[in-house]
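Each structure below appears as structure tokens.
Both complexes below contain chain A, partnered by chain B and then by chain C.
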Partner chain A sequence: MEAVKDILALLVFPGGLFVVFAGMMYEWLDRKLVARLQNRIGPRWFQPIADTVKLLAKEEVLPESVTPFFFVVLPLIALAGALTAVLYTPMVGLEPAYSFPGDLIVTVYMLSLLTLCIGLAGANTRNRFSLVGATRALTQLFAYEAPFLLALFGPAIAAGSWQIGEIAHYAESHWFIFTQPIGFLVALIGLMGKLELPPFDSPEAETEIVAGALTEYSGRGLAIFRIGKGVELVVGLTLIVTFYLGGVANPIVFFVKTIGMLVVMAALQTLLTRLRIDQTVGLWWRYGALLVLLQWAVLIVVQIA
Partner chain B sequence: MTLNVTQEWQGVLDKIKNWARINSPWAIHYNSGSCNGCDIEILATLTPRYDVERFGIKLQGSPRHADVLICTGPVTRQSRDRLLRIYEQMPDPKFVIAVGTCAISGGVFQGCYNVIGHIDEVIPVNMYIPGCPPRPEAIIDGVVKLLTSLQAVPESATA
Partner chain C sequence: MMTVAAPTTQKSEKFIVPIGPQHPALKEPGHFEFAVDGEIVTDATVRLGYVHRGIEKGTESRNWAQNLYLLERICGICSHTHAFAYVLGVEQLAEVEAPPRARAIRMVVAELERVHSHFLWLGVGAHEAGFDTLFMYSWRDRETVMDLLESLTGNRVNYSACVLGGVKFDINGEQTKGILEGLDFLEKRTHHYLNVIQQDALFLQRTRGVGVMTQQQARQLGVVGPTARASGVARDLRIDAPGQHYNDFNVNMILETDGDLAARFVVRIRDLFESYRIIREILSNMPEGDLVVKRMPRKIKAGETISRVEAPRGEAFYYIKSNGSEMPERIKVRTPTLCNMASVLTLTVGQHLADVPMILVGIDPCFSCNDRSVTVTQPSGQREHWTWEQVRRFGIEYYQRQGGQ
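Our next item is the complex of A and B:
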């Protein structure tokens, strides 16, 4: 019985099929909202599904001068990392499938695996656009990762636990968006940086460096990276809603909150223009990290007092 | 990699693949010597007014990500190698659309000392869109006609 539950959790819900499908639907909603905000009609609802199936059915070109093993394996590691993170997050407001003390840290590192893999995949090829994209992706990783981590650890300190499930239960009665507004903002904007959405899309700036680190990827590899990004969008939004907007809740209420966050993100994407990579790093280290640390100081003083 | 599947399952898989291909054509645009008139019309096609994302059409920068190569202009001797290289960088299945009179026949540049001729002389073309330059509506119509033509042809013939 235990084995059946494990397999279900890994392949159907919350990992596997469910989250891949949810990722595609979130991606569609994001694209549709951006299109509507730009006065366009936007893609049809099955667009990301069609894109993914088409890419999976296409030829995968293995460029000269890449190490074939890493070229094939890196997308898989990225997707595996994102799917592992799903198991420890309370998807749609239900209890996480697995849980152990300190799983928050593991989840956050699993989420950064995707960016790391994209950076390595770009550095693996000899294409100059890929190399520039990889450099930027990794630079951006070092820019947003620390503030994002600190922002997610704020609720953990307040709840006195490093376990996502326990923090979620504590957050049910404490809406951290009111007590820790800076952390909420940094986490939300950090998620946009993680997913390389505008204004943090300089690693894949199509007007400057073709498609960034993934320029040489075609077919299957590209499809798997895209699925991984969709999964990460779902996990990131779920984590932020759990930590800052009232923890484990009724699935419908939870879903509405997540969609609300997505609307905010789509509006920010449309409003803001792309930052240069040095501006991105400056924004995170000069403002993001310092503000979160300030909030930590206040938090610790309040807790001791 | 070949999987052993029965005839019916292969049919279903082909249908799904064809459906996805028709609904998600990612395009790359290359100007092989055009006067820029057609390129301006292609850019107009991609603006919010015509919004081709409705059909799933997306302009990609990398040939590796693209399915459809949209070519404009006659092929000059300089750009022949580049055109070929872009075509060869695209993964199968790939399609080529020739936009504008020059891409179809060489147009006013026919017989120039530096022009090889039309696109068809260098790479195989799937769809021709006439006009000097063709309107955005004509370009959208051409892309949609190319996609509907995929529906009729069996999977093996399109690849």
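Our next item is the complex of A and C:
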């Protein structure tokens, strides 16, 4: 019985099929919202699925200068990392499939694997656009990662636990968006940085470096990276809603909250101009990190008192 | 023919980022090589000529009227400018003058074209900065002026408004009303865009102080049009050389002194307000009379002349030489992009790689207009001039070879 439950958790829900399709639907909603806000029509609902199927069916071109092993394996590691994170996340407001003390730390590191893999994938090729894109992707990783982690750890300190499930239960009665508004903002914007959405899309700024680190990717590798990004979008939004907007809840209520966050993200993407990489780093370290640390200081003082 | 950038080797210390001939930042093919140190550009080179079409040579085997349509196709965006400059030159040679009403209509079309070109540029500029929302909105509003041009001339591009000695169509009361309504809408939108580019903090981060060209540099590099005016160089042919096309209506010089990208945005937007004002003034004081001169000779008197028109991008320069026959002896076109291109190479050095596309687009480049060949250098090193027939045959054979591979 346990084995059946494990297989279901890995392949159907919450990992596997469910989250892959949820990722595509979230991606569609994001694209559609941005398009409507920009006075465009936007894609139809099945567009991300069609894109993925098409990419998976296409021939994968292996560039001459790459190490073939890493070229093939890096997308898989990225997707595996994102899917592993799903297992410890309370998807659609239900209990996480697996849980152990300290799983929050594992989860956030699993989420960082994607960016790391994208950076390495870019550095693996000799394409100049890829190399510049990889440098930018990794620079950006160092910019947003620390503030993003600190922002997610804020509720953990308040709840007195490093286990996502316990924090989620504690958050049911404590809406951290009101007690830790700075952490909430930094987490939300950090997620945009993680997913390289505008205005943090300089690692894949098409007018400068074509497709950035993934320029040489086509076919299967690109499809897997895209699926990974979709999964990460779902996990990131779920974590933020769990931690800051009332923890585990009725799936429908939880879903509505997640969509609300996606709308906010779409609006920010529409409103803001792309930041240069030096501006991104400056923004995170000058404002993001300092503000979160300030909030931490307040938090610790309150906890002790 | 094409130089393919070799992969970075131990031999070259420079890390070169090639942009073009095919690149998402470029709407037309051109090849740039930027040597970068991290994110900072240390050196820039350009190679043009990917869309050379042999139009200048082509004019020499067409008669004066046919050339009007050929020259209009030099540029898809400022097509009227080319027809305008050409008819002015030919009329000077033939010693005829277009009737006042025809001159006024030519000016209306020229200013509407400037409006459409600046809106297009605003969108492209915003897109290079990664501000796609402004791109989408400005191109939506550009449709208004495209519709106006279509209602006047029947075409969205390549309007064929000019004929030798006049214009092809009249502007009636209903069309005037349509234009005025369209302009009111556009003026409202333009105020909004001016606010956005002057106040949006993140957008200003990408434009203010980026690619600064001082007034002295602008003079040394010989830049023209809005690019020069953004650096405080008062250079506008509508004022400097009114000739026979702008002297009936006064035009105000739009100047900005900062010389950075933000100034180039502001100068073009303020140019729009000036264009709206000029169009309104012309429409309310439209002279009466004929549209075309009574007699335009088929053979143009021998001689040579220069005509210049302020295109949306700057000075369009035409040299026309006639030997008294039905066909021109030589037509030489110099488009504003050629004057401005050198400034890109100077300004990008020391800037961030991320700002390069914006600086490039800041001059509003139009590659196909400025590509030209003077001599053909054979692989053996022999240099020769080609006739139109030779150019044509080379083109046909080249594409047959490409298709045969």
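One rule holds in what follows: the second predicted complex is superposed on the first by the 305 of 305 C-alpha atoms of A that agree within 3 Å, B and C clash if a C-alpha of one lies under 4 Å from a C-alpha of the other, contacts with A are read in each partner's own complex, and residues count from 1 in each chain.
Just so we're on the same page, a contact is a pair of C-beta atoms (placed from the backbone, for glycine too) under 8 Å apart; a residue touches a chain by one contact, two chains touch by 3 or more.
This structure is a prediction, so every number in the text was calculated from the model and none was measured.
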Overlay on chain A: chain C relative to chain B, clash or fit: clash
Which of chain B and chain C A:Lys5 touches, first, second, both or neither: neither
Chain B versus chain C as contact partner of A:Arg286, first or second or both or neither: neither
Partner chain(s) touched by A:Val53 [first = chain B, second = chain C, both, neither]: first
Partner chain(s) touched by A:Arg36 [first = chain B, second = chain C, both, neither]: neither
Chain B versus chain C as contact partner of A:Glu206, first or second or both or neither: both
Partner chain(s) touched by A:Gly219 [first = chain B, second = chain C, both, neither]: first
Touched partner set for A:Arg274, first chain B, second chain C, both or neither: second
Chain A positions touched by chain B in one structure and by chain C in the second: 38-40, 129, 206, 210
Residues on chain A engaged by chain C in the complex (per definition of touch): 37-40, 65, 126, 128-129, 131-132, 135, 198-199, 201-202, 205-210, 270-279
Chain A contact footprint on chain C (complex, rising order): 5, 7-8, 15-18, 23-25, 36, 38-39, 127-133, 136-137, 140, 200, 202-203, 205-206, 352-357
For the chain A and chain B complex, residues of the former touching the latter: 31, 35, 38-44, 46-47, 49-54, 57-61, 129, 206, 210-211, 214-219, 222
Chain B residues touching chain A - in the complex, by the definition given at the top: 16-17, 19-21, 23-24, 26, 48, 51, 53-54, 56, 60-62, 64-65, 67, 89, 91-93
